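After this come two complexes, each holding subunit A, first together with subunit B and then together with subunit C.
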Partner chain A sequence: MASKAQQAPAYLRIVTVAFVVLWLLVAAFPFLWTLWGSFKVELDFFSKADWMNALTGPRTLAEKGSPFTTDGYYGAWVQEEFWRSAINTTLVCFFVVCTSLTIGTLGGYALSRSGYRYTFWLLITALIFRAMPPITLVSGYLLPFFEWNLWGHLATTIIVLVAINQPFTLWMLYSFFQKIPKELDESAKVDGCTQFKAFRHVIIPVMWPGVITTGLFSFLLAYNDFAVTAMLLSKENQTMVPKIASFLGTTQTEGNVMFAVAAVVSATVPLFILVMFFQRQIVSGLTQGAVKG
Partner chain B sequence: MAEIQLRNISKRWGSFVGVNNFDLTIADKEFLVLLGPSGCGKTTTMRMIAGLEDTTEGDILIGGKRVNDLEPKDRDIAMVFQSYALYPNMNVYENIRFPLKVRGTDPSTHKERVLQAAERVELLDFLDRKPAELSGGQRQRVALARAIVRKPKVFLMDEPLSNLDAKLRVSTRAQIKNLSHDLAATTIYVTHDQIEAMTLADRVVVMKKGVVQQVGSPTEIYDTPANTFVASFIGNPAMNLVDGVIEGGVFKAQNSVIPGLDAPDGPVTLGFRAEDANVVESGGEINAPIYTMELLGDATMVSVRIGGALVAVKADKNYRAEIGDQVSLHVHTDHCHLFDATTGERMGP
Partner chain C sequence: MKHRTFFWFILPTAAAMLLFIALPIVSVVTQSLHTPHDAVLTVTKNCGPFGCKDTTVIDQEATAALRTAEPLGKFVGLDIYFDRGHLAVAEVAQAWRTSDGLGAFFSQLSNLPFYRAMAFTLTFTFTVTPLMLILGFMIAVAVNTLHRHLKGLVIFFSLLPMIVSPLIGSLVLFWMIDSRGVIGAALQWLFSDPNLSLKASTGLTWVMLIVYGVWHAAPFSFVVFYAGLQTLPQDQLESAQIDGATRWQRTRYVIIPHLMPLVTFVALIQLMDNFRVFEPILGFNSEAHATSLSWFIYNDLGGETRLLSSAATSSVLTILGVAILLAPVLVRTWRDFNAKV
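On to the complex of A and B.
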């Protein structure tokens, strides 16, 4: 279809394709390296003698009789009970996403439809809290949580994560709602809806891409959080990320680092699946806002 | 019965006055057009009737019942928005059905009523489409169908034609007029287009800066404008308005001497329409060089400048002259309007 005038010269096309391929390799390399290495023993993956050992795995072959071993995964999931952390992460993420989306959609909608000046200051305040590093909040929480015996529980962490997440979800949903014309609410109201019915029947169906995108970001914040979960959870309630950190922290025992590597790979897989699954909604949510036309 | 009474309603935002002291009774089944330039408060007035905006002062009665404190849904109205405000996630059928659905009317009647409404606006072939897949005119018709499906007491239309192209506007205008006649509901229609107002309205309300300038039938507004604003807003071209003085019943301005006007001496604004004057060989009341010529097909518009004002006169369609040629214009004095030079209010009958 491209006319001659629009066609780039051959060398330019080769250069651009080569650049994209190179960029992809560089971007994906750390993950591919970790994925490959997670099936080796520590002495191969962290070999001081020759970095190629991480690829070929001579030690793994010598110790396990095959260039690949699932010892890391076995150690992490079974021996160190990483599955408990996986369940904890699931619980934390589920409740954080549900809570912050519920408050965020209701609040974002209200703020976007409110004519009052204070909405602006509310949003600015939210932005300031969002800009603060979470750790500044967490250090303040520690003492009262110890005093009141709240420390270490999943519920406490969920509430703190929601509090940290909320400004962001509120902002993001607010801007999505802003893009939905007010006439849609008004039309629904004239057609026979109350404000809440208009929200539920007309606005939310249009908002789905925005809600899913925001939900995903909220999920990622909770899933990837280290500062809060590491400080506020007791050992048995640890989520995946602090658990991985604790695997790394005990370098004196051989093999534990490989647990961490295997756990890292395990923790990444759900993210891939999630992004793949929702990619259409995310792209439409990020690019065009919620409605068009 | 759906008589609408607006009792001295006002809308203010802080010190800004959106609508000031609007007082009008709209008869049952009347087609009322609110006309004015943007920012004149016509849309605000309609939104107050719809309940989408609170009144600062005054009462609104629909069918004799005060509705100030009622939600829009409880006022038994339907509204067509300028942007159509179709629900983008629903197809045409669901869009039209929505008012029936949320109001919980008997579901077994839905299909029939939706089809009936869709047929009225020739949408039967598009019922499965989403609004994004429709043209502007089709979307506008969906909005109309959604409004008529429920047979409300009052229709409100907020510049429903302004997003359509010129040709479509004419045909949709005809359709709206026909619809409102058949449905026999009270209709309030907001527009800034005086042609729409003239063609559709039983009565026109001309507004400016939140204040009603004149209320009357299209003929009244056209023939006896209440002030220079209405005179300059209605008609195509608008009424010629020339500032001058009356001396002993003779109007005098640059290049113009128009005798036979019954008014006291002093400064006035004289108004006459393009069709109430014609080009003559010589001896006309206005003698000036031609400023511009416009061929309209059925007529030729000849314009001259008097003082700062542009005066347009309709000439025969075969009339030809060059810009700069001297021309003589005869003004029919019995069709002249006189306005107060300072207030712009109409003088005499």
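On to the complex of A and C.
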């Protein structure tokens, strides 16, 4: 606040701070709790007797000789082969981000530089596609994919995710390229460049901030997707999120909830690191579409 | 830009969307009009010492041959749309005729799986969206008054519920509200009812899912509104203050109108996203009490039987629902574009 006159009275400041603290607790506490609990045995994490057990871990101490155990992680990563899913997720995310950025930048650039009517219709179509719940499309994929033996492969899923990603990527990059002055590539064209050369030598060097922001969101979409990956991948090609879902079906009954807990924590850590490094880009990406509207 | 150059630039992305979004929609619509072939029956005369009998057997080979030849199945028109699993026209008409009063009618309607899924999806969409707007606004205003160094930290933690995948987020909460988990135990203690379980009742399950939805979505509106607050017209605020406006009046008549365009933006995006609510149903294991349209499709597709036609029909109905929700957005974009050109 700028001046003394605008300063909030003391009681209001206390209420505000209390509210923020409460929100932080609501937002972050579940993750910290799960992280802490993932190093306990099931009877401590889900304790009928006393919730404090999840913090101190008396059962873990009695069973394992130490208040912390990595059994959950061992069970998930080694016994249930979660490492396989981790590799699959890495592959899927890498290729989805690369492909959708490559074709998305070309498309978004073209849309931002063409003043014809059809660009509007293309953008509207993209918006409609963006609203489509992915699961509704999946029922359209299954029959053709079974018929042509495309089902179950990572490559198929990558292409599908790229396509589902495109509408969003196009819109993001379109609004980003609009902010790059047209005069830049116009002048390059006056100097004798073709449109593509102008793009290559003038636009590419200045487009990275927007591309990185868009790339983050493509990554998040590929990383977090459940509907497509669960339905289109065979068991050995599963990525992390459907793998966690399959833990719920099978292992929960065997009393190995802790495998799922450990897997959930393992899948959250990369996102945590991502937010830590790219917080600024994520925030700017979220607000980009909004502020101009 | 020339048409030709434009074409080559847009080609890869347009091809991807055409092949994997537009064609699948066509495929879904076609599929929804077909149903798998019935088994081929052959009638053979069986003559024994006590006379002849007609026996009907399933011709496995012919059935398999027919099913591979025409994997789509046979054309049935809109039959699947009207059957009991979807719009259930006959059952609805029956319920309308027999039930006295709207209450009884709706309770009969809620026994039909499609309407059950629809009821939850709509309730979820139209409660989570306003709640997340309000919560996000409150957090944004509160965080805006904090010290500069604290803001970054608060934003960091606030992003977490939104950034994790919905399945993981809902599992994390689900384990905590389990009757043996920390929140579940706290609630039992609070209401001094040792048998209280949020999973056991339909009403509480819905509340739980809605709370999850708000938790998951509030960071989005928070971040957008927070960005909007940075561009507040300071002189307008000051003149309002000089005119004697109270803090509340300044919020009501300066800040909220300033944020209004953002509110519409967030609300529209959220309507689209909440309408597809799906993973939380799996994460909270709440199929018995709450199902959504997306879950309904998933349920048909999964499992051994893979009811493709039924799933396709639900998909078409869901897409129609999205189209209705989307209409205002389209009108808005149309106006924006025309204003610009």
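One rule holds for everything that comes next: the second predicted complex is superposed on the first by the 251 of 293 C-alpha atoms of A that agree within 3 Å, B and C clash if a C-alpha of one lies under 4 Å from a C-alpha of the other, contacts with A are read in each partner's own complex, and residues count from 1 in each chain.
The definition used in the following text is that a residue touches a chain if its C-beta (ideal position, glycine included) is under 8 Å from a C-beta of that chain, and two chains touch if they have at least 3 such contacts.
Source: prediction; values computed, not measured.
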{"item": "Touching partner for A:K197 - first (subunit B), second (subunit C), both, neither", "value": "first"}
{"item": "Partner chain(s) touched by A:V78 [first = subunit B, second = subunit C, both, neither]", "value": "neither"}
{"item": "Touched partner set for A:V206, first subunit B, second subunit C, both or neither", "value": "first"}
{"item": "Partner chain(s) touched by A:N224 [first = subunit B, second = subunit C, both, neither]", "value": "second"}
{"item": "Partner chain in contact with A:S187 - subunit B first, subunit C second, else both or neither", "value": "first"}
{"item": "Which of subunit B and subunit C A:A155 touches, first, second, both or neither", "value": "neither"}
{"item": "In the superposition, subunit B vs subunit C on subunit A residues touched", "value": "C"}
{"item": "Contacts of A:M132 with subunit B and subunit C, given as first, second, both or neither", "value": "second"}
{"item": "Overlap of subunit C and subunit B interfaces on subunit A (superposed complexes)", "value": "194, 291, 293"}
{"item": "Contacting residues of subunit C [partner subunit A, same complex]", "value": "1-3, 5-6, 9-10, 12-14, 16-17, 19-28, 31, 71-72, 138-139, 142-143, 145-146, 152, 154-161, 163-168, 171-173, 175-176, 178, 180-182, 185-186, 215, 219-220, 223-224, 227-228, 231, 234, 237-238, 241, 247, 261-262, 264-266, 272, 275-276, 278-279, 282, 285, 293-294, 297-298, 300-302, 306, 308, 311-312, 314-316, 318-319, 322-323, 325-326, 329-330, 333-334, 336-337, 341"}
{"item": "Complex interface listing, subunit A residues touching subunit B", "value": "181, 183-184, 186-194, 197, 201-202, 205-206, 291-293"}
{"item": "Subunit A partner contacts - residues on subunit B that touch it in the complex", "value": "50-52, 71-73, 77-79, 81-83, 85, 87-90, 98-99, 102-103, 131-132, 146, 156"}
{"item": "Subunit A - residues contacting subunit C, complex", "value": "1-2, 5-6, 8, 12-13, 16-17, 19-20, 23-24, 26-28, 30-31, 33-34, 37, 45-48, 51, 54, 102-104, 106-107, 109-111, 113-116, 120, 122-144, 146-147, 159-160, 162-164, 166-167, 169-170, 194-196, 220, 223-227, 230-231, 241, 244-245, 248, 257, 260-261, 264, 267-268, 271-272, 274-276, 279, 282-283, 286-287, 289-291, 293"}
